[in-house]
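Next up: the structures, one after another.
Two complexes come next, and they have one chain in common, subunit A, joined by subunit B in the first and subunit C in the second.
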Partner chain A sequence: MLKVTSLSVNYGFVNAIRNVSVHIKKGEFVALIGSNGAGKTTLLNSIMGLVPKKDGEIIFKETDISKNPPHSRISYGISLVPEGRRIFPNMTVMENVEMGGYSKKRSEVVSKMDEIFHFFPILQERRTQLAGMLSGGEQQMLAIARALISSPDLLLMDEPSMGLAPLVVKEVYEKLSMLKNMGLTIFLVEQNAMAALKYADRGYVIENGRIIMQGKSDELISDNEIKRAYLGKEYKEKWER
Partner chain B sequence: MQFFYSGLTSGSIYALVAIGFNIIYNTTGLINFAQGEFVVLGGMLMYTTLTILGLPVSVAFLVTFIIMFIVGVVFEKFFLRYVKLKTETNLIAITIALAVIMRGIAMVIWGRDSLAVPPYIEDKTISVIGGSMNSQSILVIIVCFFVAIILSSFFKYTKYGKAFRACYDDQTAATICGINVNMIRMLSFAIASLLGALAGAIIAPITFVTYTDGIMAGLKGFAAAIIGGLGSFWGGLFGGFALGVIEGFFAFVLPSGFKDAFAFIILLLILFIKPTGLFGKKKAVRV
Partner chain C sequence: MNYWQKDEETMSIDEIKQLQLERLQSVLYRAYENVSFYKKKFNESNLSPDDCRKLSDISKFPFTYKNDLRDNYPYGMFAVPLRDIVRIHSSSGTTGKPTVVGYTKNDLENWKDLVARIMVAGGVSKNDIVHIAFTYGLFTGGFGLHYAAEHIGASVIPVSSGNTKRQIMIMQDYRSSVLVSTPSYALHIAETLEKLNLTKNDIHLKYALLGSEPWGEKIREEVEKKLGVIATDNYGLSEVMGPGVSGECIYKNGLHINEDHFYVEIIDPETGEVLPEGEKGELVITTLTREAMPLIRYRTRDITRLYRDNCPCGRRLIKMDKPSGRTDDMVIVNGVNVFPTQIEEVLKQFDETTPHYMVFLKKKGKLDMLEIDIEMTENLFFDEMKKQKEILEMVTERMFNVLGIKPKIKFVEPKSIERFEGKAKRIVDLRDE
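Showing the complex of A and B:
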């Protein structure tokens, strides 16, 4: 569904990512893990067009979208849940979700809205509240809801676990795997390698702007190099005990 | 009470200018110092279309609005968007430059004299509680409220209005949602230009229009926006009326030559005491 070929992105003179190739098939749940500053967010942002690429191709459903302006990419069926959630704090929950459907017809948005609120009952409860008043976990749910309202084929997720309590992280991931079971393709970027690999089918490891490893999630989890680098010696996380 | 009524009239104009400032500030973070020039152009175009070309009032308004819409679009699209180094200071400086250019062009086209625009409705004096009002002034106030209500429902209930607010909150997130942020920026200039033109057009029969009017209209409108809190829609409206009435009051008790000074004394007081303005909200910070 998505095929990124030898993509390079520069920030000024600094290489953020170099020669990155990633492919995602329909219905897959793929995780990209890496440490701070490895280029994870840059990759997602350049797929969405928020940062210009220097080189390479981004092919989505057989079309090269890398030259399209960022605001038009959602209409191809890609949605991004950005890093740090970035909901609209001064708008109500409902308005936030509506904005996610900006590129769609009103009638489509209205019918999808019920579905979304059914999936996230907490948002239904708070739909008239200002989004800035929600808790971190609720904001994350809202950001996902806002991305889902445009009925995307591919959902890009940037660090869903950032700044959230372990229990909430688990909740978010459970929602994601429910979405995956409903047929959504998910490409997720995560520092929290354990959480991501536990739910994903496949994973890529990025370091210093390059993909250094890829494979099935269970293979990656049991890989000693990964264990050392990302999971720590005592890699069981608290929320798992 | 008389000063109150005259204050409401000039307050309406300040309010419209202030709302123009706020709309641009909210979507771009810029202070558009050419806002006052939009007011002058609105008045001047009404003079051309009504007095010189002799068009009917409704057509004259339509033509003025169409031209001013284009002016707003060109303003953003050609002069601000293609600036290499887009710092806020740079862009604000460009708006000042454009204000000067527009003032110069207005002088070349329309000359240095005050131009009289014929009244839109029959000119008569209506007595109200504690004083009397001119029918023209009442029209100005009604138009101002009407516009405020239309604009606020636009921002509150329509998809495009919400997109404006989304851009104010977070431009990146708005882009992700599929909102063309550049388009919204351009439209915010167009709307501000229309608001300025409307203000200039409705006030022209009362005060006449001179090419230098833009300086005061812009500065007073800016003061009104600051008083109400930069970026706040209702704050701009309130600030405009408050400024108009206070100014009217001081013109009543002191020699009217001091009138303009008071607007800026109030501006300074607000900046010293409550820099966010009366209704100012801090931009919500991401947690």
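Showing the complex of A and C:
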């Protein structure tokens, strides 16, 4: 569904990501893990069109979208749940969800909204409350709901576990798992490697803007290299020659 | 049709190219960051892993030679700390430094899967009884096939090599259905079977997975006829993993390369230029998934050809021909790699011999024979017979230690061996005659 080849993004003279190649097949749940500042968000923002690329290709459903503006990428069927959720606290839950569908027809939004509230009963209960009154976990659900209203084929998520209690992280990931089982393709980036890899099918590991490893989730979980990348530790106690 | 990892084995070319690029870029970063040998080598060529933006960019990167592995003996090529290594294999290397290869837990998992793919392609299923007549120990052959067969769920008999009569008894009584061995040993079993007045109907073999030395259709025909099996070839080398690099399916037309784990190129061995698909040259392998010991553009010294076809088995992996020769002077004797330099090393250790020798490869029955003619010094020539015999025994013993097989050594008169101008041709292969 999504194929990124040798993508590079610079912020001024700084290489944010270099030669990043990843692919996500239809129906897959793929996680990109790495420590702070490794380039995870840059990759998502670049797929979404929020930051310009320097080099490389972003092919979505056989089309190179790397020159399209963000709003047209949404109409291709990509949707992003940004880092820190970014909900509108002074609007109601329902208004927040509607905001995600501003490019769609009213009738489509209404019918999709029923479906989404059915999937997130907690939001249904609080549909008239101000979003700022929700708990962190509920806000994350709301952010996902807002992304789903445009009926995307590919859901991008930035750090879904950020700032959430472990139990709530589990709840969020279980919802994502259910969405995957309903046919949604998911690509998320996450510092919380263990949580992400527990639910994802495959994973990529990013370090200093480069993908240094990839594989099935269970392979990555057992890998010491991952612990190193994830913890940002540089332990290189090689056998002394 | 049976597959072990259907998704991977039947991937489209587009998918495989994307996967290869992703893995290639990562392995270059890992090799560069974690192996000082590669960091130095890339820096010397003014290259960074960032320079690999498409698959063909790999041709800019330097080769890795067997000697590099020796120079970094024992653990210098490892990209992970030693405590992440769970298995170590090595060449015998009694002369000079051996080559050491390490595996992480994930490497062993991959290895099992890759060999399992080849075994399944060759007909093996979980209902089989797999008779492994490879030497175990430091060599990768025995363990590679052993773990894969268990992984498939087959019953494994780790017979190891030697005592052919007992092997045949085991085949009869334990009902071995798959033979794993070198092709020459398979022939030897067939011959011993005849000597015992037995036929293929007295044993229960269905498939034979033969490897670790080059062999042709004539041998295949004979093995298949006399043992009543479908015989397939498989290829690998311990430096990049062991068996599991490529293998034939039951259609027996070319070896499917596990190209999602190994990126292969064919080069002109003289110039190092990459040759287009379909041309004959030296096989160069880059490991794509190996964690413990990534190798970038490893020179296998094996001559072959790469091509894609629509194999009736449904696998879409690129194919290679059976290797048709070597770009160095290595010869394979009963599955054991022998280099003339090893013989020279031994001769250096004896004052009574000259460095003039000839190697003759012959057949004794179905097995290979290594004969070495060595020139004596004048002194030894005029010495008593007893002394000559003593030295002969010592040289033979030493050769056996170094080569791993026992050669038949003959001392010849001084100045009786041809002197070569230019490239010496000391090996005479009489096995096909």
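Heads up, the rule we're going with is that the second predicted complex is superposed on the first by the 227 of 241 C-alpha atoms of A that agree within 3 Å, B and C clash if a C-alpha of one lies under 4 Å from a C-alpha of the other, contacts with A are read in each partner's own complex, and residues count from 1 in each chain.
Criterion: contacts are C-beta pairs under 8 Å (C-beta built on N, C-alpha and C of every residue); 3 or more make two chains touch, one makes a residue touch a chain.
Remember, it's a predicted structure, so these values are computed and weren't measured experimentally.
J.: Contact-wise, after the overlay, does A:57 reach subunit B, subunit C, both or neither (first, second, both, neither)?
T.: Neither partner.
J.: Touch check for A:18: first (subunit B), second (subunit C), both, or neither?
T.: After superposing on A, A:18 lies in contact with subunit C but is clear of subunit B.
J.: Quick check for you: in the superposed arrangement, does A:214 touch first (subunit B), second (subunit C), both or neither?
T.: A:214: touches subunit C, not subunit B.
J.: So in the superposed three-chain picture, is A:171 touching just subunit B, just subunit C, both, or none of them (first/second/both/neither)?
T.: Neither partner.
J.: May I ask you to decide whether A:71 touches subunit B, subunit C, both, or neither, giving the answer as first, second, both or neither?
T.: The answer is first: A:71 touches subunit B but not subunit C.
J.: Kindly classify A:48 by the partners it touches after superposition: subunit B alone (first), subunit C alone (second), both, or neither?
T.: first
J.: Can A:108 be said to touch subunit B (first), subunit C (second), both, or neither?
T.: neither
J.: Just checking: does A:90 make contact with subunit B only, subunit C only, both, or neither of them? Give me first, second, both or neither.
T.: The first partner, subunit B, only.
J.: Where on subunit A do the contacts with subunit B and the contacts with subunit C coincide?
T.: none
J.: Any idea which subunit C residues touch subunit A in the complex?
T.: Counting only subunit C, the residues touching subunit A are 15, 18-19, 21-23, 25-26, 29-30, 33-34, 49-50, 52-54, 75-76, 78, 80-84, 104-106, 109, 289, 291.
J.: Quick one: which bits of subunit B touch subunit A in the complex? Just the residue numbers, please.
T.: That would be residues 159, 162-163, 165-166, 168-170, 172-181, 281, 284, 286-287 of subunit B.
J.: Which part of subunit A faces subunit C closely enough to touch in the complex?
T.: Within the complex, subunit A contacts subunit C at residues 3, 5-6, 18-19, 21-23, 55-56, 204, 207, 210-215, 219, 222-225, 235-239, 241.
J.: Provide the residue numbers of subunit A that touch subunit B in the complex, in ascending order.
T.: Of all residues in subunit A, those touching subunit B are 48, 50, 69-72, 74-75, 79-80, 82, 84-91, 95, 98-100, 102-103, 106, 132, 136, 146-147, 150, 163.
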